[in-house]
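There are structures below to look over.
Common to both upcoming complexes is subunit A, partnered first by subunit B, then by subunit C.
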Partner chain A sequence: MKRFTRLLIMETENVWRFPTLEIMIAIGIINALRQPNPLLPTIEYFRTAQYVANPGWGTSTFFLIFLIPVLVARSFAKGLSGTETRVMLSYPIKRWETLLSKLLIVLLPTLAIFSTVFLLSAFYLFQLPTLNPLPYSLLLSLLLPMLFLTALSFSLSLIAKDELKTVLFSLFIILSLESSLDYVGAPYKYIFIRGSTVISQYLHATFNGRLDNFFQNYTTADVQVAFGFPIITTIILLMIVFLYFQYKLDID
Partner chain B sequence: MENLVTTKDLTKSFGKIEALKGLNLEAKKGISGFIGPNGAGKTTTINILLGLVKPDQGEAHVFELDCWKQSFEIRKHLGVLHEKAEFPNYFTGLRYLEHIAHLYNVPTPKQTVQKALKDVGLTDAADRTIKTYSAGMTQRLGLAQALIGNPELAILDEPTANLDPLGRMDFLEKIQTLHKDKGTNFLISTHILPELEKICNWVSIINEGTIADQGYIQDLIKKYSTDTYIIKVSEPTQFIKKLEKTSTIENAWTNGQIIYAKTKNYKKFNKEILELALQLDISLYAIEPIHSKLDDLFKMALEQKK
Partner chain C sequence: MKKTNRLAASLLTIGISIILVSLIRANPNKQGVDLQLESYESRISNEGLWAPQKVWLQLTTDGQKINLYVLDQNGITQWKEHQTIAPILTFENVSQTSYKFSIPTRNNYAILMENPTNTNVRVNLTLTFYDLETDLATVAALSFIIGIIIPPTYHIKKLLEKKNKSTKPNILESK
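Here is the complex of A and B:
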């Protein structure tokens, strides 16, 4: 445990350094600039409504889409492309510990930072009450695509073994997945970021007891796909990554 | 446990490339050399010993433990300096070594790190980030991290590659001192042979994925040296003409001052030389066997294998 904790500290220091922090500050500034003008209640109302209806395409989500592949590439793919992983695995560290530390180092700080930005923007910029379930349900709805994106980037790192290729492939797959789904009939187009819209509205309707309204626009299959796709694909991808890294991969 | 490292019929292919073709390596306690030309399979072997690469067939053991199944246990007692090793660039040398000391559960990490930095001459650069280090400094940091856990065996892959001549001499002295003082054993992979000759007690020669020869260095030197002699006479040109016709000589050549002769029969050889010198009335100053240097030995082992 002591060894694993040290590994986590080491990974954190290695990955969360310049310019990651600077990018996060920039995102905070962009979010602040989106502050609704109190003199224009209609626009404020409009923005809040948009925020509820379409969280998948907010600034924070874009931040997430770019940040996660970059972090995974920096932490995992870069090590595989050079000798860094070989050096690390020559110390008394188990392979699964290395993988788990990299996974946690990408997920936990991102989740913490992202939640902070998200909730602060909900409470202070959109002036929602702290007990309002809306921001929490939105946050939960974005957690699933975030997990999926992490798993995808880890899988691509193993294939590409290159920092830049991992970022590009991840972005290409995520963005093309979103675009190509326009040509597929419902409910399959709700599998990724638009799926988070379904999840957030479903959770919000559940908290407010307005599920009837929700099902006027969506079906049960939409909800199942929106929840099921990211969960199942994340589990499958992470299992493949784990088994391949633990038992098969030659670190040469 | 005389053998620290043993491999038996080890094979490994990467696609169509056969890196190892039934390698039977041994490394004894002490300082062992692992020598071979580029692409011979040295780094692949080291990666297998560390559990980084899974062999296709055969066995590999370090401290009598299986290198793939028990690699974690092995690595607790092992220090490694990889060829062209990369360390996280944004760490300072001090911070990186602190982390590594903790990973090895060193009892007094701070003092150990300070001593390690001093030993490799990086005390002044301790607070600089690794990305500002020169190639030689990175190599010295590599040596420090390999030895920080006080390993039973240190595997060093091309350890002197980026060091200047003075740095190389220091490095070799350091290895000898560590072996003497702490009993650290070393397996050193290199193609810079004269350096190894000074410090190794055991040498394994690898070529094209198999062991060409291995043994205690003095035994190997004897093995490859016993039949070639240096003959010093007053008239070498005249002497060699007759020498070539004698029955015990397989081959003879001269550089104008010294005659080199390879004999088929060592026992008769000395007698024939003396008789020939008397017959020609030429002064005979010396007959001495050539003691091969490691690079001669390396060439001969490879040629014999072919």
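Here is the complex of A and C:
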């Protein structure tokens, strides 16, 4: 445990160097508080407004989409292309520990920054009671696409084994996936960012007892795809990454 | 990068980001109602969470005079439960008015319109919310000031410690 904690600290210092953390904080604050309407007619409006329903995926989506692959590339792909991973594995550190530390160091701080800003805005700016489960559950619409994005970037790091290539591959796949989904019908168009909107609207409807209204616009299949695709894809991709990194990858 | 400098950089980032967000949110935002008040009718409108910023209230009627009140959360509760008026701002017997005021704190507010006459009256009310939200600006200023103060304070403290060490007589040498 002590060894793993040290590994986490080392990875944190390596990945979250100046100015990565500061950029992420800025994106988090601007994303969560930016909405142009300073007057919020009612708390009911908060519950139905699209921009609040999507805590992490607003106008700053592009920056987040750009930053997660960059963080993964800095943490994982850079180590594979250089000597870092080789040197690290020459110490008594297990491969799965290295992989897990890199995964946690990308995911947890990003999620912590975005969740903190979003929850602060929900409780202070929107005056929601702290015991209201809605803002906490809305974090799912941030977590699921973020998990998918991280798993995809890790997989591409293993293929590319290079920092720049990983960033470029990830951006190419994510942006082309999002734009090609414009031409796909429901429910498959809800597999990524559009899916997070479905998730948040579903949660709003569930907590406000308005599922009837929700199902006038969406079907059960839409909800299943929105929840299921990021979870299943993330599990499959991370399993492949783990098995390949643990048993197959040759590090000279 | 030293931990104190890093902390200062993060606080400055928070301050700058909140200032940027405040500027975006300071765009004038208009909320209007156009309605008819029946004789002796009172009606609440524009109820909601208002940010602490400036409001420009513009009221016109079809010539008849009405009473208009700005209520805070307490006033809204008083009105809804006991039908008593406890306003933070009052405009009585007005047919046309334009008034600018500041919202004190982030809370629920509403406008109560009252028709004291026995004839129907057409009311047009526009509320323009503008300027920085003062509470956000305060948080931004605080983060900014603390972020600027931390590094010099830390360095002055270090310098003083160094000076104190160097001015202490070396007992071993004096012996």
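Criterion: the second predicted complex is superposed on the first by the 201 of 252 C-alpha atoms of A that agree within 3 Å, B and C clash if a C-alpha of one lies under 4 Å from a C-alpha of the other, contacts with A are read in each partner's own complex, and residues count from 1 in each chain.
As a convention for this text, contacts are C-beta pairs under 8 Å (C-beta built on N, C-alpha and C of every residue); 3 or more make two chains touch, one makes a residue touch a chain.
Here the structure is a predicted model, which means the values were calculated and not measured.
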Margin query: On the A-aligned overlay, A:208 touches which partner chain: subunit B = first, subunit C = second, or both, or neither?
Written below: neither
Note to self: Under the stated touch criterion, which partner chain does A:132 make contact with: subunit B (first), subunit C (second), both, or neither?
What the structure shows: neither
Notebook entry, point to check: After lining up the shared chain so the two structures overlap, which partner does A:13 touch, if you call subunit B first and subunit C second: first, second, both or neither?
Noted result: first
Next item on the list: Quick one: classify A:250 as touching subunit B (first), subunit C (second), both or neither.
Entry: first
Next item on the list: For A:115, decide between first (touching subunit B), second (touching subunit C), both and neither.
Entry: neither
Notebook entry, point to check: Given the touch rule stated above, what does A:233 touch, subunit B (first), subunit C (second), both, or neither?
Noted result: neither
Next item on the list: Would you mind listing the overlap between the subunit B footprint and the subunit C footprint on subunit A?
Entry: 17-18
Next item on the list: Mind listing the subunit C positions that touch subunit A in their complex?
Entry: 1, 6, 9-10, 13-14, 16-18, 20-21, 24-27, 29, 31, 46-51, 53, 106-108, 127, 129, 133, 136
Check: In the complex formed with subunit C, which residues of subunit A make contact?
Finding: 17-19, 21-22, 25-26, 29-30, 33-43, 45-46, 124-127
Notebook entry, point to check: For the complex, which residues does subunit A have touching subunit B?
Noted result: 2-3, 6-7, 9-10, 13-14, 17-18, 82-84, 86-87, 89-94, 248, 250-252
Check: Which part of subunit B faces subunit A closely enough to touch in the complex?
Finding: 14, 43-44, 47, 50-54, 72, 75-76, 78, 80, 82, 84-88, 90-91, 95, 99-100, 102-105, 149
